[in-house]
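Think of it as A, B, C and D in the order they're written, each chain with its own count starting at 1.
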Amino acid sequence: MVRLENVGLRYGHGPEILKDISFVLAPGEFRFLTGPSGAGKTSLLRLLFLSMAPTRGFMSVFGQDTTQIGRSDLPLLRRRIGIVFQEFRLLDHLTTYENVALPLRVAGLAEEKYRADVMELLKWVGLAEQARVMPQVLSGGEKQRAAIARAVIAKPQLLLADEPTGNVDPALAKRLLRLFLELNRLGTTVLIATHDVQLIAQAKMPVMTLDQGQLRLAA
Amino acid sequence: MVRLENVGLRYGHGPEILKDISFVLAPGEFRFLTGPSGAGKTSLLRLLFLSMAPTRGFMSVFGQDTTQIGRSDLPLLRRRIGIVFQEFRLLDHLTTYENVALPLRVAGLAEEKYRADVMELLKWVGLAEQARVMPQVLSGGEKQRAAIARAVIAKPQLLLADEPTGNVDPALAKRLLRLFLELNRLGTTVLIATHDVQLIAQAKMPVMTLDQGQLRLAA
Amino acid sequence: MTDQASHRPEPIIPPDAAPLRTLTLAMAVMCYLAVLAAGGLVLINRSVEAWTGDLSREITVQIREIQGRNMEADLAKAEAILKTTPGVLKVTVLDEKAAIDLLEPWIGGIEGLEDLPVPRLIAIEIDPDNPPDFTALETALRNEVPGVSLDTHKRWQAELTRMARVLTTLAYAILVLIGLCAIAIVVFATRAALEANREVVEVLHLVGARDNFIARQVGGRFLRTGLTAGIIGLVLGILTFFLAAGAAPDSFAAIAQEFLSLSGNHLMQNYLALAVVPAVATLICLITSRVTLMRILKSLR
Amino acid sequence: MTDQASHRPEPIIPPDAAPLRTLTLAMAVMCYLAVLAAGGLVLINRSVEAWTGDLSREITVQIREIQGRNMEADLAKAEAILKTTPGVLKVTVLDEKAAIDLLEPWIGGIEGLEDLPVPRLIAIEIDPDNPPDFTALETALRNEVPGVSLDTHKRWQAELTRMARVLTTLAYAILVLIGLCAIAIVVFATRAALEANREVVEVLHLVGARDNFIARQVGGRFLRTGLTAGIIGLVLGILTFFLAAGAAPDSFAAIAQEFLSLSGNHLMQNYLALAVVPAVATLICLITSRVTLMRILKSLR
């Protein structure tokens, strides 16, 4: 699904943020990515999401060498990847419902087809009441849940989540973890960047740790 | 310092988010505010920061009845309150250094007077390297630390922090907690809204829990 | 809760951002000014046409007294020739008094003018759409009446044409200036409006929207903005013309009336000239937004 | 790391936002058009002044032959009176041939004109700033020379003045129109630019900035934007005048030259008229940004 070999990344002329990162994410795997703040977790997820290219090393996603992927291939690949951004990136002028439905709308689906699915998912993440309101009136945790819902609505093959429980209470975090695990059970490969040690402990899944640009894998 | 009596709050014609909230925050106190996502923690902090008025009940800050506080009194009162917003609210066109120094600049201090203080604080929160860069290239945790630095730089009498450790690793969270405790030791009254049970456990300070609009105090 | 989904989905590019409102206003204003300039140009052209038309519609035949010829007979001969000339609509022989009256302001103080041999005049109205051949006419007249001369107001016409050229050049220059300014403003305002929606474009791209999908959304929004603004400018411009026509000097008002009236042979031409303005403005708006969008999209991965 | 603090602090309102750039351009363009209109107005006024000046600078005295009087003596008498009249700069007695030449085009075909008693003319140049009292002058002349009459070109002047009035009215109307459009665009663009900085204003307010402090920052930014744009528009406008002066018909060019030259008694007036444009534009920009800012601030707590 995802393969990195000796990948390095630097921004501009700055220091190398990621150094010699190598790992493989097999289809159906579930992993955590952790490490101190500023270690490069978000940067690594950006690489996997194809929104940046590594400065060196080899990288492939869905079996495709990323250097061979052109701009016009991106939309279709992106529809197979779900992502939860650390800053959520919801659209302020659309309702919660429309924000969550956006990937489906963009993929050209008719609204009648996805309406029920979206409402069900909103109910699951506890946002049924907020379906019609705009994101700016949502609480921090509500925004985060909307972002998660948008990432998983299209049942992606690969799910990347950046700190998806930083703004929710432990009980809700557990519920969201169940959502991720359920998705994983249905075949989605999941990679979650998080600082939440409780979450990691609950899931009992392998953890990759980034520190000073190096990656360490622990079971 | 802060007194609330039977305070109620609703947005527009929506349901009542806060119901009959009553508590007192004595000078020099340190408290946590917790509760499930969407319980109204941020809303309560907004009340204390005087950026909203309660829809009912009595409320006083620094001994002043908040209904008696006019718009022109706000700036001086605000300078006595430090706040960490859940969404950080850093200015994108200013450097990290300038963002942190903003409350001092706005209060009319000359740059020579605060330069050293700001740099020292940046070092403490681990942002010395990032002093010159703009917030948009900071990592999530780095932004959060910049927001915290901006809230404490002016040594406020009251510190309100909304989920200040949601984006940092546990080690860094502990370090930030030390900063808050140090500030509290120097006389600042501190109220921290958080979901982080570890943080609460470490600090051993009283916890207020918001649930379904009601407040509960636990030691 | 579920009924909410039955609403029409929100437009993906928000319609009411401040920069988009500025774009609408800026475009409307520039279209308005351009319509004024274009309309002014058409009006000037039509006025010049009308004036020169009036002049070339009236010519004068002058017959000098020549010793030994009978003036009245010469006048009759000339009149006969003129009346049979195709393209001549009306022939009026002015009597001696009328001729002297015409001279009055210039030689009014001269005693005994009545006894002098004053040249006689024939006023002729010709069909401006089908004017007679002046040189042939003059030769024909000369053969019969030696003292004849034809005053076709050539000098006046040359003078007027020169002035008209200056006026139209000026109007063209102003039209070009306003056009350039309009393009600059529309380009800038469009870019600002799209920059304000950069986050929307980015998020769409990140959730897997194709460039074409985004371009359609953006294009639709800017097409609507451009058309709205252009039409507002056009309507206001035409309204201003109507108001101006009411307040302007008579001759101008008449032309303006004809120009604006929903009849007349210049109708299509006039209105097409004006309608080009919003069309061009919308096109500029569309092209700029497209180019800007593509630059934003290319900068994204 | 510590040396970074020695830089001048960044402006609190960012200078390069897209809406602010749009504002700059929109203001520059509207100032440019307004300068063109204002300059055109001044030019038209000056042209009219020059024409009517030329006309009122030259008047003609006509002396009719009256039986029993000596024309040469009458001419001499009239010349003497005219030469002593204050306000008369130059007196030229035209000889008989010159008088007949003037009549030539009108009565050229009349035989024996040389023997006729043609009225004689005296051309007078007067000081336009201090013209003589025409009625008094005419009476004085009449007492000495019965056949005298004064042609002050009154009719021509009336005609010209009427035309000038139409032209200046038109120029004023255009100036007012452009002015209104400029105000509308500047108001909208300023609002959009400030709305784009709403987050900055909010954060400043939340970290304890007084309204005055924020207003100073915002005012400074918009003052700079307004002045820059206004001056760009002014300079481009004046440049356009220079270019136009080169390409325009001679009489116009001369006036344009005088208008723009750095000498001449109308200098201050001309340049002040133009400089008002950016000043007014900047003022509008400042007032709008202030009003908008205050509305934003009032909406915050």
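FYI, a residue touches a chain if its C-beta (ideal position, glycine included) is under 8 Å from a C-beta of that chain, and two chains touch if they have at least 3 such contacts.
Source: prediction; values computed, not measured.
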Minimal step count in the chain contact network, chain B to chain C: 2
Chain B and chain D, separation of their C-alpha mean positions in angstrom: 62
Centre distance in Å when chain A and chain D are each reduced to the mean of their C-alpha atoms: 68
Rounded Å distance between chain A and chain B, as computed from the means of their C-alpha atoms: 29
Two or more partner chains touched - positions in chain C: none
Residues of chain B touching at least two other chains: none
Pairwise touch network: line, ring, star, complete, or other: ring
Full enumeration of touching chain pairs: A-B, A-C, B-D, C-D
Chain B residues within the chain A interface of the complex: 11, 34-38, 42, 86-87, 126, 137, 139-142, 144-145, 162-163, 166-173, 195, 197-198
Chain D residues within the chain B interface of the complex: 1-2, 4-5, 9-10, 12, 14, 199-200, 202-211, 213, 298, 300-301
Residues of chain B touching chain D in the complex: 49-53, 71-72, 74-76, 78-79, 83, 89, 91, 93-95, 97-98, 102-103, 105-108, 111, 115-116, 118-119, 128-129, 131-132, 150
Chain C - residues contacting chain D, complex: 18-19, 21-22, 25-26, 29, 32-33, 36, 62, 64-65, 103, 106-107, 109-112, 116-119, 147, 166, 173-174, 177-178, 181, 184-185, 188-189, 191-192, 195-196, 240, 244, 248-249
